[in-house]
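Okay, got some structures for you below.
There are two complexes below, and they share chain A, which is joined by chain B in the first and by chain C in the second.
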Partner chain A sequence: MGRRTAVWGIALAAALALPLVLSTFFIVLLIEIAVVALFATAFNLLMGFGGMVSFGHAAYFALGAYAAALLAQKAGWPMLAALAAAPLVAALGAFVFGFFIVRLTHTYFAMLSLAFGQIVYTVIFKWTSLTGGDNGLLNVWPPTFLRSQTAYYYFTLLIIGTSFLGLYAIVNSPFGYALKAIRENPRRARFIGVNVRRHQLYAFVLSGFFSGIAGGVFAFHNGSVFPDFAFFTKSFEPLVVVLLGGVQSFYGPLAGAFGFKLLEWLISKWAPIYWPLFLGAIVIAVVVLLPQGFVGLLERRAWRPRPTIAK
Partner chain B sequence: MDFITSLFPWITNGPLVLVQVMSGLSVGMFLFLVSVGMSLIFGVTRIVNLAHGSFYMVSAYLMVTLIEVMPEHPVSFWIALLLAPVGVGILGGVIEVTLLRRIYRRDPMMQLILTFGLILVIGTLVLLVWGPDNKSVPRPDALAGSVRIFGQPFPSYYLLVLGLSPLVAVGLWLLFYRTRWGMLVRAATVDREMLGALGVDVSKLYTEVFVFGSWLAGLGGALAAPTVAVALGMDGDVLINAFVVVVIGGLGSFAGSLISALLVGELQSFGILIFPAVSIVLLFAIMAVVLIVRPWGLLGHPEE
Partner chain C sequence: MRIDRRTAIAGTILLSVSLALGAPLAPTRAQGKPIRIGEINSYSGVATVFTFPYKEGLAMATKEINDAGGVLGRPLEFIHRDDKLKPDEAVKAARELVLQEKVDFLAGCITSAVGLAISAYAKDAKVLYFATHCQTSRLTWDEGHRYVAHTTNNVNQYARVVAKKAAAFPYKKWAHISPDYEYGQNLWEEFWAYLKHLKPDVQVVQQNWPKLGETDHSSYITALLQSGAEAFFSGLWGAQEIAFVKQARPFALVEKVHYFTPAIGTPDELDPLGKEAPVGAITTTFPWYDEGVLKRHPKFTEWNKKYTEWAKAHGMKDPQPKLGASWGYASAYIIAEAIKRAKSTDTDKVIAVLSEGFEMEFPWGKVIMRGCDQQAIAPQFGGVVKMGKEGKPIVADIEEFHGKDIVKSCDEVAKLRAAAAEKKK
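Here is the complex of A and B:
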């Protein structure tokens, strides 16, 4: 326990000190890593801990981003209020869609989540009078005191750090253990008195909630929102991040987000149009060669396997 | 009735409705060719091939190149129409043998993720080979114009599609229900282990099915090429449509794909007249309703 506290202490100190030594470019990169890491960790609550793979999770990221942008811009809400509403709107969307989605399993679960995701995308794209359609909403900026990248970095760190603590608490709560039990064996979970569907729905709503936070934080960082946020290719971003980092590890998506964003930066720097090619090749290579992801590889090689719920 | 005619003034225009039905049928046929391949591959290998739309796109681009390199001659178009899907079939075979074969036994999610990776790789390769600009494939001279059906213009090229479609459907039916290969394919969709135990080379069958399914996607893409702008986004568009068709019809069901492709084709054709703004939402809404009521589709079977 002492060692783990030390590791986190050093990580936190580094996170706080980094803006002092890094250029604005890298501060922006770090903000984006934090956003992707939260989105992917929220996604992994479903995939890694609940055994449910959503192919339409960009919808909840986009609902959060658009809620924040619309409330700030069209309703004139202060940024913090708009940002607080983002996860609630995303969670509401996740509740309505999730109610139907969690009734299905595996391939069909993935497909229905994709269908609802594409409905959200289409509505955003077509409802031009509200959302600006293809042009998106521009000039979604934070108030003056958060306008500098360094200030927004610390703000992001606070919001996303708190969200991580929340997600960590959820994963390690009785609810989290019930979720893992459902992942391992839904039938046995039902026999010991777990209401499987209700737990899955709660997990879906929570995952949507935290995806919405990531979306809201990103909207004010980006200064604009676009329908692409909800497009199905965006839904694969957290999937790739989780896959890179390791599926059944809480920290996997965090490591995966660093890897993903650094790769994106390195590759798109010298060959922007090759980026999807490399991303695709990485995904294929990870699936074929590294089923557990990079963190999974480390855990298997360097650490003793953790006891898991009995199969 | 007055209320309906005031809402949809075109409804009393019989010829217009007929032409709309026919163009819906043509759209449905393109969708059928693509989705039946996707459904067939799923039925046998249990892989939902997300790269199926990419195969369709590659075939359309191959048409562009083949027609460019061949001398200008009325026969060139038909040769290209034969060759492009074959090229895509070979591509599918290479992918099956080098990648998919390694992961049949793994979590189905890994297979979905791998084929998603293929979308990105193929999409970028197409961009590198053919460039970012939209291309077009000219219709063969004989089918370049339009004919009049009860006074309404209808593109002649779509008549070719409408004429080919029953042939393709019957051909597939004969293949599946009247040949030994078709019998093996149908057996594999029911019980692959038993088929292997009976001495059938299942691994070879998987490759053949994947090649054949890719060829069908290629045929859809090659046929559709003269009717659309050949562009980089067409892989995603067709994938989503094929997905909807396959889900509504039922994964792995031949008849389900046919019925739902024609249904979706008509829906798109009339959706544009009735609800121009929401026709795509309508499509997904119907898919969602089908999945909620019958998760395995109209003619599919529950997951084991």
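Here is the complex of A and C:
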């Protein structure tokens, strides 16, 4: 216990100290990594713990981002209020869509989630008078006291750190265990008294809620929101991040987010034109060679060999 | 226990990676170091018919400038990033270039949504941004500010060339097809307002708004055929317009409804079409092959030769001059000129030069960098698509315009800006 507290203490101290040693660009990158990590962890609540692969999860990220941007810009809400509304709007969206989506399994689940995701995208894209269409909404900036990247970094750390604690608690709660039971064997879970569909819907709504937080934080960081936040290619970002980091570990998406963003930055710097090719090759290599992702790599090098969890 | 160790390792790696990345970042800038310009453009997807030649033109001009001693004794250097046609990618790249690469200026853009997004970022970050390729007029007009300059013509100039030509035809019933985003909306607006101004009895019978990058246009083609329009305007561009023309051929759309479009006549789009070119279309072009134009602009021929050699040496599949190439070339020279006149890379000093305005001679004519809106006013060439020798399509009957004779005046721009500011309140 003491050791564990020490590790977390060091990690927290490092996170707090980083802006003092890093240049502004890396602070920006860290904010983006934090956002992607939260989005991917929220996604992994469904995929890694619930066994449900959503192909339209960008919708909830975008709902959060657009809710925050629209409320701040068009309704004139203060940033904190707009940011607080973001996960609620996303969760509401996840509830409405999830109600239908969790009725299906496997490919049908993935395809229906994709369809709802594309509906969100199309609405944002076509509703030009409200959303600015393809131009997006520009100049969505936080208030003065959060304008510096360092200030916004600490703000992000606070919100996203809290969200991580929340997600950690959810995964390790009876609800989290019920979710894992459903993933392993839905029928058996039902026999022991778990209301499978309701648990899946809750997981969907929670996942949407935290994706919405990531979207809201990102909107003010980026200063602008665009319809592409909801496009299906964006939905594959958390998928890739989770695969890179490790599916079945709570920390997988965090490790994956670091790896993904750093790779993306380094590759687009070295190969500005052919970057997708290189990134694609690396993703393939990781998925093939490291079935448990980066976290699996850490475990393999650990002192004690550990049996992989059979799915 | 297991979690402890894992987290410990992860934490250590995280920290050391971050520190390692952060370490070499102490800024050092000596004299004679390159003037760095972060250039963001679409180097993948539908835009590459324009942006690959553009990049070569830019590189050729940069080489010429640097061989001649550079700017203020320092070489000019462009650092490229791909925005994948997406404004959010562009903003991300702009931020990385400014914060990490420590560029002196930003440049680039082919899609107008990208241009507006970079411009909003530039204004906030107080970095000067040279928009080089995207064409929405809102960039320097309604949404204009001191941190953005536009080194190529805007929509207003070439939409008005096509509108002037269109007004000479007897057509009253018009339809259009334009990509559903900033450029398409802006282009259609500008074209229609000017045509209506020249010829008040025209009417729109149908509007079509495909998505940017849409590949299947068959439903729009049949809609255009059934619209009852005598002529239609197309704001499509790049590979999307090439695909549209190819798909329209079996329906003989261009033969049945007269086709007006600014982009198809550019060699960037016409050359890849070859024998499938839409003969009879009224369009604008970059007339590097036109004898009349070459006679009027004696330096043009030499430039064409230079570019072809350059493009061949760099393995371009189609080394002939393109509109994109001329824009890249002109942009590099205009940026260099602004810095030269400012005698400094200081943002405020360069803006002061731009806001006064200046003129430059290019092989294809005079480009005016107008002070009031920091907008380039460029030569424009309009004509009709015909089949040239050996099945190579060209734009013939070329009429030469200059932007300054058709573009909105400084007073009109001031009114647009005031109206936009009023709307935001």
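Rule of thumb we're sticking to: the second predicted complex is superposed on the first by the 299 of 311 C-alpha atoms of A that agree within 3 Å, B and C clash if a C-alpha of one lies under 4 Å from a C-alpha of the other, contacts with A are read in each partner's own complex, and residues count from 1 in each chain.
Simple rule for what comes next: contacts are C-beta pairs under 8 Å (C-beta built on N, C-alpha and C of every residue); 3 or more make two chains touch, one makes a residue touch a chain.
Values in this document were obtained by computation on a predicted structure and should not be read as measured data.
Annotation: superposed three-chain arrangement on chain A; chain B versus chain C shows a clash.
Contact with chain C, but none with chain B, is seen for A:Phe258 once the two complexes are overlaid on the shared chain. In the superposition on chain A, A:Tyr66 makes contact with neither chain B nor chain C. By the touch criterion defined above, A:Phe220 reaches neither chain B nor chain C.
In the superposition on chain A, A:Phe204 makes contact with neither chain B nor chain C. In the superposition on chain A, contact of A:Phe229 is made with chain C only, not with chain B. Taking chain A as the reference, the larger set of touched residues comes from C, when chain B and chain C are compared. When the two complexes are overlaid on their common chain A, residue A:Phe116 makes contact with chain B while staying clear of chain C. Shared-chain residue A:Pro276: touches chain B and chain C both.
Within the superposed three-chain model, A:Tyr152 lies out of touch with both chain B and chain C [touch as defined at top].
Of the candidate stretches 2-10, 56-64, 74-82 or 128-136 in chain B, only 128-136 runs into chain C once the two complexes are overlaid on chain A. Shared contact residues on chain A (touching chain B in one structure, chain C in the other): 126, 273, 275-276.
Touching chain A in their complex are the following residues of chain C: 1-11, 14-15, 17-19, 21-22, 25, 43-44, 80-82, 86-88, 91-93, 95-96, 99-100, 113, 116-117, 120-121, 124, 180-182, 211-212. Here chain A touches chain C in the complex through residues 3-4, 7-8, 10-11, 14, 18, 21-26, 28, 30, 32, 125-126, 133-136, 138-139, 141, 222-224, 226, 228-229, 251, 254-255, 258, 262, 265, 268-269, 272-273, 275-276, 295, 298-299, 301-304, 306, going by the rule given at the top. The part of chain B that touches chain A in the complex is made up of residues 48, 99, 102-103, 106, 108-110, 112-114, 116-125, 127-128, 236, 240, 243-244, 247, 251, 277-278, 280-281, 284-285, 287-288, 291-292, 295-296, 303. Across the complex, chain A meets chain B through its residues 53, 55, 100, 103-108, 110-112, 114-116, 118-119, 122-123, 126, 232-233, 236, 239-240, 243, 273-277, 279-284, 287-288, 291.
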